[in-house]
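Structures for review follow.
Okay, so chain A shows up in both of these, paired with chain B first and chain C after.
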Partner chain A sequence: MTSDSIAAAARETAPAGARDFLRGQIRWRWSEIVFWLATLLPFVLAPDYLVLASQVAISALFALSLDLILGFSGIVSLGHAAYFGVGAYTAGLISVWGWGEPLTGLVVAGIAAGLVGYVTSFVIARFRHLALIMITLGFGLLLQEAANSAGWLTGGFNGLQGIHTWPLLGKFEFDLYGYTAYAYALAGLFLIFLVARRIIHSPFGLALRGIRENGARMPAIGAPTHSHIRTIYTIAAIIAGIAGAMLTQSTETVSLEALGFQRSADVLVMLILGGTGKLYGGIIGAVVYMVARDQFAGLNPQYWYFWIGLLLIAVVMFLPNGILGGLELLAESAKAQWAKSKWAKTP
Partner chain B sequence: MPPVFGVLFDGIAYGMLLFLMSVGLSVTLGMMNFVNLAHCSFAMLGGYVTVTLMNALGWPFFATLPVAFIAGAVASIVLERLFFRRFYNSNELNQCLLTIGIVFVSIAAAAYIYGTDQQPMQLPPYLQGSIHFRGLDLAVYRLFLIAAAALITIVLVVTLEWTRFGAQVRAAVNNQRMARGLGIDVDTLFGFTFALGGGLAGLGGALAIAMLGLDPSFALTYLIYVLIVVSVGGLGSIAGSFAAAMLLGVADMAGEYYIPALSSVLIYLVMLVMIMWRPSGLFGRR
Partner chain C sequence: MQKLLCGIAGVALAVLGGGAAKAQDSVKIGMVSEYSGQFADTGAQIDHGVELYIKQHGATVAGKKIEIIRKDTGGIAPDLAKRLSQEVIVRDHADILGGFSLTPNALASADVSAQAKKFMVVMNAATSVITEKSPYIARTSSTTPQLNYTLGQWAAKNGIKTIYTMVSNYGPGIDAEIWFQKGFKDGGGTIVGSVRFPVASPDFSSFIQAAKDKNPDAIYIWIPGGAQPAAVGKALAERGIDPKKTKILGQDALASETALKSMGDIAIGMITVSDYDFNHQSPMNKAFVQAYNDQYHRNPDFFSIGGYDGAHLIYAALKKDGGKVDGDSLINAAKGLSWESPRGPVMIDPQTRDIVQTVYIRRVEKVGNQLLNVEIDAVPHVKDPAHGAKK
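This part shows the complex of A and B:
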């Protein structure tokens, strides 16, 4: 689907060359500007829900990081929460050890997650298909069990106690209402989104899509597949770590659940729901998923997963490109209808 | 007598259970390359069928086992016809997502009907207790488990090695396109294999209650173990699955006995090393 649209777009712009094709891709659309302005609305319209909004933004950032590897590079991961957890625990630990400054905390957490991601990426780049799924799953479970066993460091089953985040920039306290938390999470999401958008629309991003579409042919045209995969995997790990750190800092807690299988599955559901390989897919998916979960909060989590399961089955069967893919289809058919009616009117 | 024999005995009994629950997945994965993460949901179904028949209707333990097998087989064939067969040509991500969805639904349904507690089950008196043999306590139920699983394994191997059906299955696992070319109806064959695998999982689940317990998280907890068995043993290889299940069962029991704090870390570590060392499994060809 995506490859077709890329190919079609490339054909349209082919005479102008590859550089202009990329330039055309990266141009900001009106819908994007409207979307980002709309993310400011919760401050005005729903000040009671800012805590939820901050959680949505953090989940969206996490989903964006998964989209970079799964949606754009075709690396299936069932253990992406490992990097989220490394970031979350790093931010929590340096706060417990007496340094609660949030921005430096983010940087350190990102570096820690990135290091773990870089080391694991050497393994990830070598495998595909079932072996890759098993390795990512096993690595996530391994880290969770290790964190559980290392109770002296992580607090084990009870989670890390005594996290305190200092005011942002020395001024803005992380309060119960979530003003600071949402502003912080949204700013982080937007800035990292800009970076991700730039990466995706660079020649490197195009090479990643090539690897996704045909991993065997890319080396044949001279693309260093393994090193590309290592790079994007490390970047995704850094972003996931930053998302984890943000969650720790804004809630001042971190528990084993931060790196569990459930979180890996949740973020996968969000991304699939929104649509993979579309940059905005993870964000839309996170909004829908988190708001729905908040609405069903009275439900026992066991029953909540019944609906998540049904949703997964339905999306995979009927909406393979997610909500965004469905919307694109609708828009295309509407456009075709409109063109047809215009033809009918002209004599 | 040193405890090492006791650990070995428990490990083998545990490994037998894991083998029963995973052999079906191994064969279907090798045949169709379909990643069915819902396989342990069939085992869970078998377990709940047995518990319900025994506790609510007062059936004897042995009479419930065939019903557990049939329940697993029927559930798997229904799901296969309804959902799975549309995804044989899809990528493994979609297959994973579809079957994880089914796992979630099955866990929630089990929690809704039976609650989240462990299910109580009373074994018949002749399967309780233990036999003293040269200073070793051998639990009767585990002896029974090993004997039953060994019997089923022999039947399975004989079926696959010496019957027409078995030859067709092996041909389809080996080279699906070639098998089709020779006129084997791979789709129907696959339906039967799928049902057989689901049925064995259901039976394994029913036999597992007395040793591993049964609650709604069963479908996810043991899925990990089953996946380890399949990926370490190699797709489509019965001998590989058997070896891997024994290895995993004994290693898990030994880990829990000697280093309880690190046992699960160790299991995952061993699995990762095995997959990296032999991505296609111990006995895998691909």
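This part shows the complex of A and C:
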């Protein structure tokens, strides 16, 4: 029996409780709808900040991709920028070779990153924890050095030159103010978020969470650990590649730093800041991290890292589940308080 | 959780909100540079140069007040550099872009300069092609080909027949290798071998040994600075190479003030090429070094002079065009401008908008008990040889 038919069978035979659980999870909460509506506000309220907003959306997408493997499947990675970079360079290269259409560029970049992800996933699926950190770190460094050495292809240190992105849908130029860039990045983030949300709330997504908690036992209940990990790792690589391609297309530049360790570390920080395994964690983390960086660096271009460091320590110390986790806790206690006070009044 | 998500979105937007009104009688220079991270010292030296110039010449030029807005790229990050350049124009209403110590960042921002039609002054990044990416760019530092081609030709003319080259295996190193070899071969010399070592190489013994085995008249070394000069010095000593006999050639970073301190006496005799050193002998430079020391308690280097002359270029262009801040007026005013800088006479080439200047050949010598770069030759009026050479 293939895993698909197992899942199908599981759906058929699942007890009503489990089906209701999944259905309950997939239902849209009004806060989510408000959140996504709010992402449109920068167009009206902060038109000077759209370029930043577009890069926040791209980072959020990248963090979402890391959340799928780290937050939901327990695959630790310090080299996730490898897939981001493969997507970024693929989009750049096809543009240099004469095809600057952004949407097809995204597809090709996603496929390229997905292929690399699929191949590496065979190694990834065999290891856990510390070994994974070392493997992903090493893989990222290898790829960066390869890109440096292949200067004839990648442009080496100076970055790939001559990227030109055609207007989106043949109409909208990528402008200086970032209107097109933000609309493009936001649409991409939203659509891919929908896909990720569906995946996470499917039986497959549940199995992933099982693997995260105890990978050795999952096969006993009919969930093939290795093949599940390979699947989600490939999906995450595709999403990372698309994020990379979006950055290349909207900035018309790509350099070795797209593959670098710093980028892998930054995305991890964003995700941890926001909260892992919560879908919105990466997005909130990206918003907080990048807006904080923008504001701190604006106040003091030399020592802004100090404030970022302080923010990170504070979040990790006082909100172990990230900003989102902390806020959830706060909301629950507020709810409890409110219920209590209501209880106190009623009699 | 639900309520929180919208709360967060609201807070984020509140932070994002707000903007600045455009001041009428000021000229804003958006410095997109490295103020933090690995290259922070470079950024600081450029900034000191700009700041000192403004301090010495007053913050008002052509009836307008000069304002500096600093944006930190934190290192090699072209996408960020491009965004910061966009933001400093869109959000802070900067009229002029300045700074740029790293080539990838400068190349990315060049697009913004072209798109927004803003005057952009490259104050360090040294890859030739940068100025070709936007018609509004001028450069006040130097270019890798300008220095290394000149050194190659000088070596061929001064009795060196065979050279082994070794460079860091990344953009600037490869660029230096290509142009040094070209200059040396054009002058009639022979390259007996070459190697590109990894950028992060902590030890150079085996590379130096390989060079020694070929028994060349000179070894050309290009490294980006940092901790590497000390490692090179150590390898030279270990492999028994004396820079007084086998000549060691290189670019300024090999024999910068800190590099010389870390290498010690093994550096004596090294010959390097540069456009500026604080030991350049001229009354103007003496005054500049003095003022710099009074202000910042250290010596200026070639980064500082890029910033200092960059500020001069902006001032001179504004004076010439009567305070107009649009890209076309400024770049037209900048073309062909020439002035006396602490490093000697410089000019902005009207065709390429790149700097034309004297290139100095210096040898490390012990003066008192200090190691200094002493000029032994100067090639006046050197243009970048790469512009127009390609394609």
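To be clear about the criterion, the second predicted complex is superposed on the first by the 314 of 347 C-alpha atoms of A that agree within 3 Å, B and C clash if a C-alpha of one lies under 4 Å from a C-alpha of the other, contacts with A are read in each partner's own complex, and residues count from 1 in each chain.
Here is the rule we go by: a residue touches a chain if its C-beta (ideal position, glycine included) is under 8 Å from a C-beta of that chain, and two chains touch if they have at least 3 such contacts.
This one's a predicted model, so the numbers in the text were calculated from it and none came from an experiment.
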Contacts of A:Leu311 with chain B and chain C, given as first, second, both or neither: first
First (chain B), second (chain C), both or neither touched by A:Phe172: neither
Chain B versus chain C as contact partner of A:Ser149, first or second or both or neither: both
Touching partner for A:Phe43 - first (chain B), second (chain C), both, neither: neither
Which partner, chain B or chain C, touches more chain A residues: C
Which superposed partner A:Tyr303 touches (first chain B, second chain C, both, neither): both
Residues of chain A at both interfaces, chain B in one complex, chain C in the other: 145, 149, 302-305
Residue numbers on chain A that touch chain B, as the complex places them: 70, 76, 78, 123, 126-127, 129-131, 133-135, 137-139, 141-142, 145-146, 149, 261, 265, 268, 272, 300, 302-306, 308-313, 315-317, 320
Touching residues (chain side chain A, partner chain C) in the complex: 29-32, 34-35, 38-39, 41-42, 45-46, 48-49, 51-53, 55, 145, 148-149, 151, 156-159, 161, 176-178, 247, 251-258, 262, 280, 284, 287-288, 291, 295, 297, 301-305, 323-324, 327-328, 330-331
Touching residues (chain side chain B, partner chain A) in the complex: 29, 35, 83, 86-87, 92-94, 96-98, 100-109, 111-112, 116, 216, 220, 224, 227-228, 231, 235, 261-262, 264-265, 268-269, 271-272, 275-276, 279-280
Partner chain A, residues of chain C touching it in the complex: 1-10, 12-13, 15-19, 35-37, 40, 44, 70-72, 74-80, 82-83, 86-87, 89-91, 103-104, 107-108, 111-112, 115-116, 127, 129, 169-172, 174, 198-199
